Each structure stands twice: as C-alpha cells, then as structure tokens.
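Read the structure below first, then the notes.
As written, the chain order gives the labels A, B, C, D and E, with residue 1 at the start of each chain.
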Amino acid sequence: MIYSLWIFDRHCNCIFDKEYTVNQSTSIVNSKEQQSRGKLIYGMVHSLKAMSTKIAPGNTLRTLTTGKYRIHALFTASNLWIVIFSDLTHHELHERLDKIYELYLKYVVHNMLKPIDLRESENAKESDKITSPSFIKAVDQVLCL
Amino acid sequence: MAEQIINPSTTHSTKVAGQGYDYTIGPTQTLPNTSTATTSGTGFVVPTTGIYGQSLISKEKQVSLSAYAFLFQSIVSYHRDSSKNVQEIERKLNSSGYTIGMRLTEILNFRDSVPNKTGLTNMDSVAGTITNMKRRNLKILETLQYIHLTVWQYLFSRPSNDLVKSSERDNEYMIIDNEPTISQFIQHTSVQCESFTCGIIEGFLDMAGFPCHVTSHFVEETGFSNRTVYLIQFDKAVVERENLRQ
Amino acid sequence: MNTTTGTSKTASAANTTSLASSKTIKQIGETVWKNRTVKINAELFTLTYGSIVSQLCQDYQRDFKKVNDQLFSMGYNIGIRLIEDFLARTAIPRCDNFVTTSEVISKCAFKIFLNITPHVTNWSNTKNSFSLIFDENPLSDFVELPMDASKELWYSNILCGVLKGALEMVQLDCEVYFVSDVLRGNTQTELRVKLNKVLKDEMPAGED
Amino acid sequence: MSLQFSYEKYMNLIQYPEHWSNPIPHEISKKVIYNTLSPCICVQSNLELDNHLKDMYNIDSISMLFRYFGDYIQDRDQIPSTTDLKDPGSVSSGRHRSDSLFQRQASECVRFTRSLEDLISIDSEDHILQSTDIDSFLSQYLQNLEPIMNENGTPSKLLKHSIYHRFFITLSSINLSRYHSFHHPVVALLPLDITKGQGYENAREILIHFKNLNNTLENFPEFININDILPVFVLCYDENSREQWESVQALTKSLKKQLFVESVSISLFTPHDNQKSTTLHSPITVSLHEQVFNMSHPTSINIPSRLLTHIYDTISFIVEEMMIPFMHRKLVFWDETVLQPRKSIFQSNKFFRRFISPKSNHPIAHKVNDPQDPAEGDIMFPASSPEFLLRKLADWSFMLSDFKKAYSIYDLLTKDFESYPQYLAPCLEYKTISLLMGAQNIITAKTIKTEVDPLMTRAIEQYKKQDEKHSLRVIHCILTFSDLLLSLSDTWVSSPLAVNYLTYIQKSHLLGPYATVIILERIAYAYEICIDLRVNDHFLPKPDEENKADESEAAENSKKGENGLEVDDMHEWRNENKLIQNNLRSEGLTRFRKYSLYQLVAAKKWVELHKRNQAKWCIYHAAPAYEKLSLSKRPDGLFHRLSMELS
Amino acid sequence: MFYFTIIGTSDNPIYEAEFTTAKNTFQPEIKELNPYIVHSTLDIMEYLQWQRQPQLDINTSSGGFLRSRHSTQENSYLGKVDSFYGLAVSGFLTYGNIKFIMVHGNGTVDDTVTRSFYYEVYELYLKTLMNPFYKVNDPISNSAFDSKVRVLSKRLFV
C-alpha cells in the first residue's frame, strides 16, 4: 500500500503531493490542508539527508523505515526531491521513483509552455502545484500497479 | 588589346566580375582577360571555406529528440509571447515551418537525383555524378505521396500513417500522423503546435508549384490521443491546371 | 528507525562513484547516446534553428545585440529544463570540481544532446574558466552570416544560454559567452565558460 | 458625320480620332484581304465629260470620282446620317446599309480602277514595288500621324492595327498580273456626257474602240480577254432638263437593242447650287504611288450630298443587276466547257490519271513564250488556255464568296502548274486563302498543323524560288497567311505559326526599317492573342485596369476601416515568405511576356526612327509586364531608359 | 558569349551574369535586350513546366517556338526552349520551379555541356538556399557564388 507521494523543488517547496486511500476515489491531490505537513516532511528528510552525507561523504539517503511506514526518496543533482510513503510491504521503490522522475520530465520539464519553476513564475503563489491531469493519471498508474 | 570591347550604356563594365551579383545593376561581364580566358580552370581565386565548400549530401547525422523538442518549444514560447492571439501564434509557427518546407522541395529532390550517395558526404560537389535529374512531380497525388513517404521519412524517420483524399471537395487532401513527433511533449494547450509541420507541408507544396493552405486538427483515435490530421486545401487553380494538362 | 543508503540500481549504476576518469564520462555519454536517446534528423534541427534565428533578426529589425540576448534567454529557459533530462538519463551526480564539470559538458552533455564532442581547452590558471572548441556545430551547417551581422551576431548564442541555465540548476553560477565563431571568419569556434561561484542549496524557510 | 464605324473609317483611321478607342473589329483582317481581291471595275475615260467634271466639281476625271465610291460599297458611309439630312428617302434607299465590319456577302465590295488602257500601259512586270518605296511612304504617313497622336494621348490599339492594314494594302499590288485574274477588270464603265450632246454614235464609237483594244494596243497582254469584260454605258445628264432625260431613256433602249450593251444613268450634272456638299473620304485600295501623291498634294473633293445616294444606288445597281449576273453566266459557261470535261476524264478516274499526266493533256502549244522576256522557262498561259480559264473560274468564284468551289479548282490547278513555279506559287497561295476564308469554322488544331501549315509552307517555298525582284510577293503572301491564321478562333495553335512566318520576314531583311517595325508590332499582336482557348477568361495585366483595381482595393480597405470592422484583419500578422502565384491556371498558356518583348523592341526601333508617339504607345503596352519587375527599374535598363526618354 | 540568369518565382532575376571572351561579346543592342529576352522565355518555360512531356507539340524550325529534342524522363533540363533572331535560349527548372535561363550568343545549345553547367549551378544555388539568412527570391549577392559560377562558365566555351 502506497500512502502518499511528495515532490519538492529546488526552492524547498512542495510542488506536488498526493495522498492515497484504500478507496481510489477519495485520494486527495495537492491538498491545501497538507501544506504544513509537507513542510514537516521536507524538514525531516532534509535533516536525515544531511546527516547521512555527514556520516560518509558520497553517501545518499534512499529509504527510511519506521514502525508503520517506509519512506522512499530520490534526490537529483538539481535538487529535486521525490518522496514516497508506503507501508512496510514495499521494500524497494526506486524503480518507481525513477519512473516518476521520467514522468516529471515528460509532463513538466518537456512541456515548456507550462512553467517549470513554479515559484518564479509571475503571480506565483506558494500553493501553485503541478496540476497536469496526464501527469496525475500517469503517476497513479505507476504507483498503483 | 586588339579588340575593343564596346560596352553599351546599360552595364557598368567598371564593376569587376566575381564581386557578387548586384540586382540593381544587372549582369557583370566576365572580363575578357586573356590570361584567364585561355588557360583552363583556375582563373579566379575562389574562397574554399563557407557554405560552398560543404557537401549537399546528407551525412545522416542525428541529434536527440529532446534537444529538438526543447528548441521547438522555445520557438513556440517565443511566438506565444509576441502574439496577440492563438491564431497569430499558429500563423507564426506555420511561417517558421514554411521556410523549411520551401528548402526541402529543392534539397530532397536533388538528393534523390544523386546516384550512389555513399562516399559523397565529403565531396563538396556532387552535381558531376548526376546523369539525369529525377523527374519533377507534376501531379497533386505524386507530390503528396512524396510528402507522405519521403518527406516524412526524412523528418521523422517513418512515413506518415495515411494519405486521404477528401470525398467532398476535390481540392482537399489529408495527411494523417497518429503520433506527431515534434509536439508530443506539449500538453493541454489551445495552440495547434503542429502548425509548424503544416508550414513545412505548405512551404513544400507552394514551392513545388501547388499553392495551398494547410491546417492541423486533432482527431483522436483509440491509443492515439495526439492523432493529427493535416488538412491540405489547394488553390482551386491547382486542380484546374491539373485538369488542363492531362 | 532503519535507514538504508546506497546506490541506485537504475539509469547508470556505476556513475555515482568515480567520475574522475574522463574515460568513464566519455563512456557514459556514448552509452546513453547509443541506448537511451530517441533521435531525430540533425538537419531538421539545423533548419529549425536557422528559421528562428533569421526570424529573430527580422523581428528585432537587425539589432543583433538584441538577437543575441533573445537567443541567450531562450537557451537559458531550455537549460533549466534540459538539466533534468540530462540528469534523468545519465544519473550523474554533482561534480566535485570544475574540471570534471567541463568533461561532463563536453563528452557527455553535448554528446547526448547534439552528438558532438567539443574539446575542452584554455584553462585559466585558477581552473575556474575553460573554453569549448567546436569542430562541428549542427546549429550552423550551411550558415553564412549576412554582411551586417558578421560583426555582431553570435549565431549559436542559444548554447550559452543553455549552459548557463543548466549549470545554474546544479548550483554553478557561470558566465558563458562566445569568444569566436568560424561564421564570423574566425579560425575556430570558441565558447568560454567561466565559474563565478558555487551556489548553496536553498534551505526551507526557518531552518539554517 | 455618321458615327457608324465603317470599313473605310477603319482604314483611314488616321482621319477619325474619335474612333480610336473602338475595339478591333471582328474579322477585320479577312475584310481587308477580301477587299484587295474584290472585283475590279475599270472606268474608261471620256475627255469631254472629264473636262465638264473638272469645271463643275474640280474633279479630274470620272474615273477618279468613282474611285471614291469603291471598296465596301454597301457601307454608304459617306451619306450623312439621317438626323443630319432629315431626308427619309435616303434611309429606305439604303436597304443594304449594314455595318460592313460585321458581315460579308458576295458583291459587298468592288474596286474602281483607271481605264483599261492605263492599266495596260503600266506593265506589271516593269513596275515592281520596291521595299524602299513602301518605307518612304510609311515614313511620310507616320510623320503625318505624329502630331495627331500628340493630341490624342490615349494609346489606341486600333490605330496600330489600322496602320498595319494600311501597310498591308500598300503592299498589295493592283497591277495586272498574268498569274491570276484578281486585278483584271470584270466590268468596264463607258461614260457618256449627255449634256454635251453625246449620243448613240459616240457610244458606238467608244464601244468599238474598247472592243478593239486588243488589236489596236501594241502591248495588249495575251492573258486578258476583252470579251470577259462587261461593258456598261454610264449616261451622265442634268436632271432638270426633261430633254436630256428623254434622250437618256431613248439611248438606253437603242444601246441595248443595237449594241447589246446595258446602260445606267447618273444625274451627275444637275446643278446643286445651294445644296449641302460632302467632302469625300480617301479611297482605300489605290496604288502606292497615288497614296504618296495624295499625301503630298492633299486634295479634298466636294460633291453635293444629294448626289451621294444617287451614285451609291447606281453602283449597287451595276454590281447587283449587271456585274454579278454577268459573272455567274461566265462561271456557268467555263464550268461546262472547261471544268466539267476535266473532271469527267481525270478527276473521277484515278486509273486514267495515273497514265495521263496533266501535261500530256495540255499540249505545249498552249504556252506561249512571252516576246518581251524570252528567258527560258518564262511561260505565259494565254487568256483562252484552259489553265488560265480555270484560274479565272476559281478567282471569280472566290470574288463571289464561293470559297469552296474556288478551293477545289485551285487544288486541281496545282497539279497543272506543277512545273511552273510562277503560276504554282500564287495558285497555292489562293488555295490556302480560300480554305481559310471559307472554312474557318471547320478548321481544327489538327487540320491547321497537318494541312494548312504545310500548304502555306509549300506556297512560300514556291515563291522563294522566284526572282529576287519579286521578293515583296513572298512578303505579301506571308502577311496574308499570318493575318488569316490570326483570324482563326484557336489562336493558341495558329498564332505561333503566324509568328514563325512573320519572323521569317524579319530574318530575310527584305523590308526597310519602318516596315520592319510594323512587322514587329504585328508579331507582338500575334503573341497577344495567343491564348489557350480553355483559359481565355484568364486575367492578364492591362495598363488601365491595373490602377483602377488598386484604387478600388484601397477604397475597399478604407471602407472597412471606417466601419470599424475587420480593422484587425488589416494588421493581422502575415507570412511574408508565402509565395504568391497569380494566373496559376493560365500559367504557360499565354504569351503575354513575348508580346511585351516585341512591344519593347518595337518601341526601341521607333525611337531610332524618331517616331516618339509610336514608341510611346508601344512602351505603354509593354509596361504592364515590366513595371513590377525590379530589372525594369534599373536606371540604365532598356525599359526604364525608354520610358524616361519618352515621358 | 552567354547571358545566364536565375529567375525567381515572381519573374524577378535573382542572379545574372554574362560570360564573354575577348572575341565573343554581345552586341550592345542585344546586350541590353538580354534580360527581356529571358523574361519572354518565361512564357515558354511555364508552358513546359507543367507538360507531362516537356516538349512543345508544335514542331517548327524557327521563331519563338522550338521544341526540346529530349524525350527522356528528365523534365528539369529542358534544352533549347526558345530563340530570338539567331540567339538560342536554353532552360532548366529546379524542383522549386526556380528557372535557370541562358541566352546562347552562338545560336546553338550544346546539350551535354549546358546540362552539366546547369546541374553544377543548381548545386551552388542549393547551397545558397540552405543558408537560413537567404530567402527564396532574394538576389544572390554572394561573391563566392558569383566566382564559382564564372569558373563553371568556362566549360561552356569548349
């Protein structure tokens, strides 16, 4: 069971989040209520990431397991973060993370008519997020396989 | 010099040949310089660098599609930022493609005339190897088939998916591409970015002497959400001419 | 709490470790070009670029300085996106030093996007600026600059913008500019990359 | 003056600037050709009567007077229009009054010539037209035209046509020829002056003199048979004298009864003191020398307007009631005596023809060496020879518009004349002409190529074999052919042939500079009308309409602007590189650029000949093709230079 | 002597050159007419342009209409297409219907030589066209082009 997906940009903003429930139809995308939670998650991952690099140079955080859930993270050189929360049955989700990165490429990076840097675009609001239905649909397909 | 060359008032004989053509003046004479006229070949010093030193034969080089997609989309963005409305963006895209199509008419057909192209990619002149030029296409259908097959193959490494004649109007034809290459990353926009490809087709056909107007339309089919129909509307005169020149 | 760290199995598992060897970089570039790149006719690329440059010259009424700027800006916008494409396909991590960066640009980035490998040269003493020399340039095949442009226009200026944008995304603030161009009658085409400073990753608000 | 645009006005267009903007009349070339081949009526002189005329009207001779009434006689265009005259009678009498430019019938035109003696005295062989004569005529003619053109600024295509046809007529010899009978008189008018008391005895004397001309005249040509000329007495009297009228009546009867000659009467000497008089126009088909003379000694002849109708009626009467019936009688006779025997033996039986060549059928005895010119091979068929009779049968059929018959006889004759190029050439020429005059509608592109063109080529070949001093004959023949070709409906096929023939003339350098430019203009015309039939609704640039179109477009645009509608459309971004292709449908199916080239060359030549107005008009017509070309804007380019020089 | 032109799609010359030698030059009178002779040949070129077989079906020996002697497949090189008082005019159509027209002062068209000349010039034209700064129908002012064409012209004098 996948609980949620979080994408953070280089400005530390959450640009996409999705919460999965057992019942697909009640999944919530880019929820406003989650804003503060997103910041908490970013902070936590940021600290752990910094710590793991401090322990051993070149070392990178990949997964983090707690009692109830597991966190899977992908960090790019451009400082884009993709984070998945799952239950403990998922040990390794990096292929899916890569897939999601590819989807991000396809639907966000390569779609130049839509802004990539959500914060820098004109009239930007902190709440601006990736809204592309194709992206969401494709992400769902990756995560709910 | 024994023979005095009498120049009429109509030409500036003072202009030395080989300085480039000036259309306001007209033709210049090759100067009857005896030394160059009689000795064979090397009368003029011709700069060897530049465009005339390159081979016209395609080296079949490639670049990554994503590089192309980025370039193409910046063009779309540029036009978007400088246009008043969607129609204008599309016209500008069409016009960008148009200049390319015009060139393809000449270059693709020319290359088809060169036999055994292998080994010629470094030859700066290949015209000498041509024994006969390929026939110019005179009929609407011949030309469209050339686009459907050869031009598409050149542009996108595959033929287009279909070529259809309108059953209602005899000056309308359609080329169909299930998955248009260059606009595949562009999502959710009211701008028909395939106007660029329309421009290529339109430029190609106009240059070939088949003036037309080309527009693109999404006609989705299962599995092909971007399936595009390029509607080619020829000037009525094109059809009339074809009927006259049976 | 159980943390696992390590390398990714995807993209290029080997890439993370030793980028020091330029041979490796070259291999990555070639492998990715060969196996992980969808390609398109270079001539269409050349023609398309040509059509936009000549359009710009017309739109800006032959003010070539403005054309250079516009090309740079278009390039920048490409660069900030292209870096993601590059990283996704190569999975190369941030470089330890600017020399490695130059190698990655030359043998990997140019290879997988334009299938060319400009060579790196003219390092500054401080190793913070270098030149790329282009023996071939798919942007400028069959280009001859008009007389009035030959002193002002940097035909391939879009490349500067791309590099600038892409490097900025990996926190390298650089100046990128052309020094010479065969189209202008120079003997070679030289692009200069000069590192101003390495930027720090942004921190979430409130943390330090 | 009548506003009717008649043949005469067309030919003398130089005098009628008010008609310069008229369209080019339909089939005008055929009209002109037909006119130069119309029946000849010679007017014998009568010294007493001529003196009387001189005193009364200041006219040199009655022959001269009739000359002014020749050509398309049914036009009657010299009669003032009804509104001017207010005489209902003249309307009813003009029953044939139809615009000759649009119709053609047998007997529509005749040519009046000098007396037979005069005609014979000008030995046709000695009096060969030289190209220099023509050129000096043209030079003068065009010189006179220049000031008139100055006053009438708008270039007239019609005038250029008229000049060309004037030139064509000048080239058409009216001298007696041994090779055909077109200029041989059909009727001889024998005038008598009743007012001076001339009566039966004088008439008898005159007739005898006329009938005996072949014996009395030393050089009477053998190819003329005096019996093939119909004598008609013309009795000139004073209407006011009852006495004279009665003697005219009596004389008419006695002449018919005793001398078997018909008469007509003209009240030529009725005093018309207070009557309106009319100035006669210039006659059209006169010899070059007369034209030159007339130009240098302009004379205007005035006669009372009432007399005009009378003379026209008389001429119509002569033609319709006497000449045509006479010709028909002769035709029937020759047909029975000469043509039918030929046909029955040889034409219908190919088996015979194979063994008996025409030569053996007509023994050499028929041919007589011309005593004047004993050169070998200079052959003459006398008037009575079957060959010449057949020729005459064909010519007269032609004059009566029976082109089909004429054609078949010429065809027959070409075999007889096989070895006599002097005879063969004109025979082939007229075979072609009658084919094109008669069968225009059934001529297809294929027949033009397979029949007409080879026939023309053969005729020209035969002419070329002849002595160089006759070179103008070739030119005349070629001009006739090209004019007929240009009259065909499928000009796409026929014009190029015409151009070829005209180009041949240019290349042969037989004409002087003036004539040469006129031919250039003719070539231009041939190209102008060279359009594929299927696209003849096409659009070609025209000097006048172009500006108008621009204006109306501008007006339309401003209108849109005012309405506040579609203003945006005007500023809409457009693809500047989009190729504009006009006339796509007719592309390559016209020869408008060729036309312009020849206009340009003609303009250049006119400038060299100091005929600025001629040149100006050519440039005017060349302009639509060149104006928008960048090359014609070159300051030292030919077009620009000429335009500047002439403006 | 030869007068060579490239004519754009709106009848405009985009390149002109005279090839002459000391002994062979155009008479001044012809020289100034050459552009107009070529312009008039466009009528014939446009006719041939759309013919299935690029020949004039009117077979004549002189004057404005001369048919091409070639019945081969090719419809780019048209051979002798026109003549004007002793001058011969040859023509070539590119795939984009740009017209190459040449006035041959000697009155004859040597097909082998002329054809190869046109092919070579076409290649040079294409290289010009591929330059993005060159627009269809622009005059070709490039001096390298001019020089190259003049070098090629030497073969016409053989």
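The rule is short, and it goes like this: contacts are C-beta pairs under 8 Å (C-beta built on N, C-alpha and C of every residue); 3 or more make two chains touch, one makes a residue touch a chain.
Since the structure is predicted, the reported quantities are computational estimates derived from the model, not experimental observations.
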If a chain touches chain A and chain C alike, it appears here: B
Which of C-E and D-E has more C-beta pairs touching across its chains: D-E
Most centrally placed chain, judged by C-alpha centres: E
Greatest separation from chain D - chain, by CA centre: A
Whole-Å gap between the CA centroids of chain A and chain B: 46
Intercentroid distance (Cα basis), chain D paired with chain A, Å: 100
Centre distance in Å when chain B and chain C are each reduced to the mean of their C-alpha atoms: 29
Residues within chain A bordering two or more other chains: 110, 112
Junction residues of chain E, two or more chains touched: 12-13, 32, 35, 49-50, 127, 130-132, 135-136, 142
Junction residues of chain D - those touching two or more other chains: 577, 579, 581, 587, 589, 630-631, 637-638
Every chain pair meeting the contact rule: A-B, A-C, B-C, B-D, B-E, C-E, D-E
Touching residues on chain B, where the partner in the complex is chain D: 9-11, 23-26, 83, 87-88, 91-92, 94-95, 98-99, 102, 199, 203, 206-207, 209, 211, 235, 237-238, 240-241, 244
Chain A-facing residues of chain C, complex: 1-11, 16-17, 77-78, 80-81, 83-85, 87-88, 92-94, 169-171, 201-205, 207
Residue numbers on chain A that touch chain C, as the complex places them: 10-12, 39, 42-43, 46, 48, 52, 56, 58-66, 74, 76-80, 94-95, 98, 101-102, 104-105, 109-110, 112, 116-117
Complex interface listing, chain B residues touching chain A: 66, 69-70, 73-74, 76-77, 80, 185-189, 191
Of chain A, residues touching chain B in the complex: 106-107, 110-114, 132-134
